[in-house]
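Alright, structures below, take your time with them.
Each of the next two complexes has subunit A plus one more chain, namely subunit B in the first and subunit C in the second.
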Partner chain A sequence: MATVQHSKAHIAGPYVLLSAVLFFTSLPILLALSQLILISELTFIEFMHYMLDHSLLMASLRFTILQAFVSATIAMCVGIPVAWVLSRYSWRYKSFLKSVFTLPFITPSIVAAAGFLALSSDQGILQSIGIQLNSPGHWIARFGSFIGIEDFGMIFLLILSHAWFNISLFIRYLEPRITTLHPDWEMQFLLLPKGGQRYYRIRYFWLPFLGGSVLTAWLFSFFFAFTSFAMIRWLTPSRYSLESLTGTFGQFAGIEGYRLDATRMVLASTLLQFFVLSFVFLLFHFQRRNMNHAYKSISEQELFKQQTPPPKIAKALICAFAGLVLLPYASILTSSFRIRSSTTTRGFDWSLDAWETAIFGNFDSISVTTALSNSLLYATVTICVVLPLTLMVSLALLEIEKRGHRKMANFFQFMCIVPVFISAVTLGIGISIGLISFAPFLIQWRFLPTIPHIFLTFPFALRIVHPAMQRIDLRFLEQAKLLGCSFLKTYWLGFGIHLRSVFIVVISLSFAFSMGEFGASFLVVRFESWTSLSLLVDTLLSRPKFDPIAYPLSMVVATILMFFTFICLLIIDNVQGKSGEIQ
Partner chain B sequence: MKQLFAVVTLVCVAQLSGCIGSMNGPTEDCTFAEDVKNSDTLYILSYDILAFDDEMIQSFEQTYGYTVEFILADDAGGILNQLMLTKGKPQADLAIGLDNTYMQTAIDFCLLKPHKMEPENVQSHLSTTYDSIGVPFDYGFVCLNLDATQLNDNRTEPTTIDDLTKIEWYGKVSIPSPLTSSPGRAFFFSTLMNYEYDVERTLEWWRSMKQNDLIITTGWTESYEIHYSGGYGVWTEGHIGDAAITVSYCHSPGVEAFFSENSTFSTAVLYEHTHFKQIEYATIPNGKVNSDAATKFIQYLLTTEINQKMPTSNYMYSVLNHTDLPAESGYKWNSPTPQSELSFDQQKIELTIDELLMKWSEVMLS
Partner chain C sequence: MIDTILKIQDISMIIDEKIILSNCNLKLKKGEILGLIGPSGCGKTTLLKIACGLIQPTEGEIVVDGKIQIWTKNPFPNITYLFQSPVLFPHLNVIENVRLGVDKNLAKKDQIITAMNSLEFTNIQHLAERNVNNLSGGEAQRVAFARAHAQQNDLMLLDEPFASVDQEQKMNLALEFKQWIRSLKKSAIFVTHDEQEVYAVSDRIMRWSEIQKSQ
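Let's turn to the complex of A and B:
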């Protein structure tokens, strides 16, 4: 009898685990939605009318889609040539260059926002090269007036900042694919009757070969720009995106008999966002399913011997691009030393005062060291939960695949990755309106801020770990079992030992994501002593800046956060350098 | 797709089951919960009040033996929202920062309980109907600030708020939204007072302002820093400076001068009915809270040592008798005080504040 029960549990185990994961990941959002729907006091038809008639909502929808579309397209236009140049020549410091170009992607959004604010500041780098975004006489502002957008300068900066963020995605998706394409393929195509003509090469060779990767990167870029919160909040505060609308009104929503306008607005913006993102996710899913992965490849080392050194124009392009990538970081650092002169004349003094105040001063009831230790704590907890959870889910998926239920495994994998396409602010709303309304005691739970971090990191971790697990020969596991190893040792020898570099990448990414997470924490973190570094940057930026030290102080905190991001990148780069590219 | 169906189903189920009902009105009689006295930690619900620095909190902790833990809110609206979310089971022993534009709602929903303090040495003009529920700890007058350098032959200083609807002020006025900003809300109330609580006339003024390309911002920061041309915003990143008038405090030009060696372009505009005395309160949430510790913190907040520093630490007036704005660097000289003392009387309007805001929202956002 005991044997029968054991086998039943064994059979049901993976399904129970995966169902539980799906249940808990969807619970906050469903609870929040039901709460919002119940107190919105509108029928479905009335709600649709409300949504379509609300000028602010519709303006936000238009603005969100337009800026996301334009910034993703600009990222594509810059990303493709950079990836092309990087992969077609033998670069001496290619690994370093790739790391630099990847940096924006793991940069905390609040740091990026601070960086672009600093870039455009009075006597900042942009102004020093003659670009005055808000000056009425400048061509950017004149163009804005021509198309009827008064704050075009800042919208322009927002679009650039989103493009800056997402160019790394194009490099990440395209560069390895172009680099590892075996030269024989290209040679064979060149021998075909029309292979010598550039148009036909692009139309019939490069487009089918790279189109899928370009579309994937574009969809991800669109998604990140669409759900951007910190950038919109700080670069275009006069405009709402659906995400910033949800974030701003979210704090008033979901309370019965109070601020019905906020409840309706948040419900509407969340649903609008959900519809658009579902469409993006479906496109992404179909694209990935139809993508052709079969092509003849060549190792980078082998290719390096065959490639020619880059010409001057390629070097200039890469150097200019590296400079552009690093510019916001340099601006943050310099802004932390620049203090406005305390006179009405426009001027700045260079000083260490902001650093001294941040480290030894008395500027807040929370210190930089407390915020830093909180961030480190959340990151550590996130890693401690995400890594084992990812392993367990991946093992369960492998078990289902092993039983031949491939469709079921694909379904579960698909559903586990869905949270990637749920925005951070929506998740924050889910936790603050959904979970906390039903379980108010959670508000005092010290690890509450880590819940959104885990939710947002887990799908990325699964995307990295599961393909690596699929590639491992299961005979290692069987042999470890045959040798009578303990449970932990069996799995370590069967899987763990082959995944060490993957683990380090997941740990570093989780660490970077958790350290920089802003949108959900903005809504979830209630206790000031729980404030993370990214929230402290936002708090300091939000303060009235009558006192000249207020702004450089926020830049000091942003610099510290930036420093930890660099450390993560160095670790990832080091691991990838030692163990080859981790797909 | 599955989630989409779930959402649609939830809407339909809620419809059919009759769950979408009418809004609950305020409770007539509040029951006040007993205090809890055996806690060493004092939880304070507050926004980022600049006066509460590390030194000040440590001093309180050392003197009274409590550990202070702050619960964050964005602003006064965030504090009210937090109290609403945890109604009956407040997480904080003390809520600091609710102002007189939010107090009525908090009282209507029985979110606060009476304190047992009789604060001495508080200026008598701050006495209101909220005295038994809240203790004032700072105050200021919300009014329009004007960039004097933008005045010329075609654009003269407005003498009433009706002047702002004229063409010369087209696109030149920036106001934070009353939906998301406390000063914005205070200014909205002041417009109601200006039109003698006539909601229709008030909304007509807002409608005219909308037609005159009024700039509405989410919060005070965007309005003052980004749009206003007369403040410190000219030094900040992203500054547009398209507004010559904004809503701030009457003493904001004084704060500007204080940090700029007695130099500012900004002036406060004092019309008879368009300023609003905003009083910020320390209050005790209704529930099982540590009232003793809360009372001690309020007393500490009202000590001369702490409260007289409000103008420089929190950019607001101290509530204590015989205190004033500092004369240093032109702070006081650039901070005019309104002569008439008006207070908002909600009894004069049939609508609740929520309903008023809904109406404002319909006019301005649709």
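Let's turn to the complex of A and C:
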């Protein structure tokens, strides 16, 4: 019997590709760590002492963990009831509501920071309803003094902003799970002796059913709050988190004979972050292995017929929550039209001055149009690299799976997704210290800022594309081959036509991520002319406020960035709504 | 002494002006296995769910052991219901699933003993520690029956319980179910659209058209 002989290149191809991808993904971080270790001039024991004795470092660690824990827990406490109410009743505009609630998650962090700053600013909405976070007489500040935290008002706002950011995660994870649960499960439990009491229903049914999703959403929320940079930089400027410490001191670290303290500090905070995030990652992995139970599901359309319309209290809850979600955006928009004035009694004038300045550009730094074109360039390059790279990696994974090496494929897939758990600032350090010290010519490379964007977007893209590719019937590919189609046409007919909606989602998501990326760009972008929109918001917010146009101008740029995010979300939602298959 | 354990009286169900059930009537005697046969989609499952209190009808009443039942958030007590495909909770293993059927007021040790007895009754004690995701259709349905056994209710409603079992096993399992119900002296309504199954299991057979006619 004849056996099929494959060339060595054919056999090794997928492994070589995947190994190369893993090598290049880990290279910047490894190079940066080795550079930092070399320059820090400390032995391991000395380094441990340095880390434990450094009061700023330890205070930052405590603050980072505490605020991330509290904000993730608040997000959970609000997210669960909202997801519950949304999934238990037949809402007429459910997909629109879900889009609104998903908005914070893809909002650039600098826009969210600008939104919460606008909320708490003079004449902001919070002050107009009597909540003065910085006033020592307000109950929030008094409570802060009671628990021994001086700037509690702004910490409170920071925690709320992180919770606002992450509630969408709970809705994203819980709502579809509850909605599509087949009614038989609940009925069966109700018919059992333990089904009669709410306590038992929660303990034995809902907790095991939703526990895994709640833990996943909580871990992601914790991770995002833990690695938040822009929000901490702007809402609690007097405090450092590990991420903001790395970002701030990272600009001076890794240079031989210069600011040794900065190098040691960055090394220590990066390693501390690595330990905490590894623990989070392990918990995440544990959840996926042990808490991921398959329940029979029902389609949403089928269920809609069986559900009842929402009662008034549910409507009130959803409306109030939608209002809270949209409040920071509304604050940004209104602040872009409000110019401080000393001539009016209300303290400001409504004006289009900031918008005119932004469009026609008469301010002395980079113009909005340049920043916008830079951002669009970075986003385009990111998409052009991420999409084919994701396809190639996914095809390689499929090939390995096809050969029966499922464990190996899972290992490679797992390793490709690990960078999700690396913070943007750490990646920025990897590029600015690791990659550039190794290849200094890169510092002037025009596309350098796109490298972190690609790194950060690729795992998300793979997470979307690969499951979709696994679902495709391989007979399409075989049929195309049998028909004698060209190489490109074969793959287009075998995969491409089935993945059109997935491509649109990946393109939109990559675009949104790249446009809004802040942490890594903050460290990587060395020339003002390379500034992106998110960096411009930061630059304008940093300007002295005696210029009345500076603050509204930053809000104009944030509004423009927000507009692009909205467009991306609309596209993603539209495509997801039609295909209904993209996870 | 009342010899009727379940009486379904004038049950009608209308959803969005669509008639799902119209004037259904049925009586089940104590110790009897009643086979109810009807085409798919005629409303058999809805009627059973109404009978055990999971769904409230538009009109009519359910009488169990001489007592008129009132619909609340919770289903009626003392009725066991077996779904078309066995609803076994995937986060629990076999014995833990069966333990859910045991009286919750018993001590944990006694709950385990009762659950184990139920598994022995259905000849699947060897599956006690097995993950429910690794059971065949027949094994899963036996576990569901063991849990029903652990509930120790006198009235059982079986909604096409062999729908998820392959053809070869179907008849054996049907006969086993009949034997189990008989030996426990329970009353049961067995719903199906398969003539062969209904003849193998039931003492008395009613067609769907008779239920809607009989007053």
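Assume the second predicted complex is superposed on the first by the 567 of 583 C-alpha atoms of A that agree within 3 Å, B and C clash if a C-alpha of one lies under 4 Å from a C-alpha of the other, contacts with A are read in each partner's own complex, and residues count from 1 in each chain.
Note that a residue touches a chain if its C-beta (ideal position, glycine included) is under 8 Å from a C-beta of that chain, and two chains touch if they have at least 3 such contacts.
The shown structure was predicted, so the numbers you read here are calculated from the model rather than taken from an experiment.
Participant: Aligned on subunit A, subunit B and subunit C: do they clash or fit?
Facilitator: fit
Participant: By the touch definition at the top of the document, which applies to A:H138: first (subunit B), second (subunit C), both, or neither?
Facilitator: In the superposition, A:H138 touches no partner, neither subunit B nor subunit C.
Participant: Thinking of the overlay built on chain A, is A:E41 touched by subunit B (first), by subunit C (second), by both, or by neither?
Facilitator: Touch status of A:E41: first partner only.
Participant: Any idea whether subunit B or subunit C touches more of subunit A?
Facilitator: Of subunit B and subunit C, more residues of subunit A lie in contact with B.
Participant: Touch check for A:G196: first (subunit B), second (subunit C), both, or neither?
Facilitator: The second partner, subunit C, only.
Participant: Where does A:F209 make contact in the superposed view: on subunit B (first), on subunit C (second), on both, or on neither?
Facilitator: After superposition on chain A, A:F209 lies in contact with subunit C alone.
Participant: Roughly what angle, nearest 10 degrees, sits at the C-alpha centre of subunit A between those of subunit B and subunit C?
Facilitator: The three centres form an angle at subunit A of 160 degrees.
Participant: Touch check for A:K481: first (subunit B), second (subunit C), both, or neither?
Facilitator: neither
Participant: Check whether A:P548 is in contact with subunit B, with subunit C, with both or with neither, and answer first, second, both or neither.
Facilitator: In the superposition, A:P548 touches subunit B alone.
Participant: Which partner chains sit in contact with A:E256 here, subunit B, subunit C, both or neither? Use first/second/both/neither.
Facilitator: First partner only, subunit B.
Participant: In whole Å, what is the nearest CA distance you get between subunit B and subunit C after the fit?
Facilitator: Minimum C-alpha separation, subunit B to subunit C, in the superposed model is 29 Å.
Participant: Touching residues of subunit C toward subunit A in the complex: what are they?
Facilitator: 49, 52, 54, 74-75, 77, 79-81, 83, 85, 87, 89-92, 100-104, 133, 147, 151
Participant: In the complex, go through subunit A and note every residue touching subunit C.
Facilitator: Those residues of subunit A that touch subunit C are 184-185, 187-196, 200, 204-205, 208-209, 291, 293-296.
Participant: Using the touch rule from the top, collect the residues of subunit A that touch subunit B in their complex.
Facilitator: Listed in rising order, the residues of subunit A that touch subunit B are 26, 29-30, 33-34, 37-38, 40-44, 47, 53-56, 117-122, 124, 133-134, 150-151, 153-154, 157, 234-235, 237-238, 240, 248-249, 251-252, 254-262, 271, 274-275, 278, 282, 340, 342-344, 346, 362-367, 418, 432, 436-437, 440, 443-444, 525-529, 531, 539, 542-548, 551.
Participant: Considering the complex alone, what residue numbers of subunit B touch subunit A?
Facilitator: Subunit B residues touching subunit A: 1, 3-4, 6-8, 10-12, 14-15, 19-25, 48, 50, 52-57, 68-74, 77-78, 81-82, 84-86, 89, 91, 105, 109, 171, 179-180, 215, 217-222, 224-227, 232, 234-242, 255-256, 258-261, 263-265, 315, 354, 357-358, 361, 365-366.
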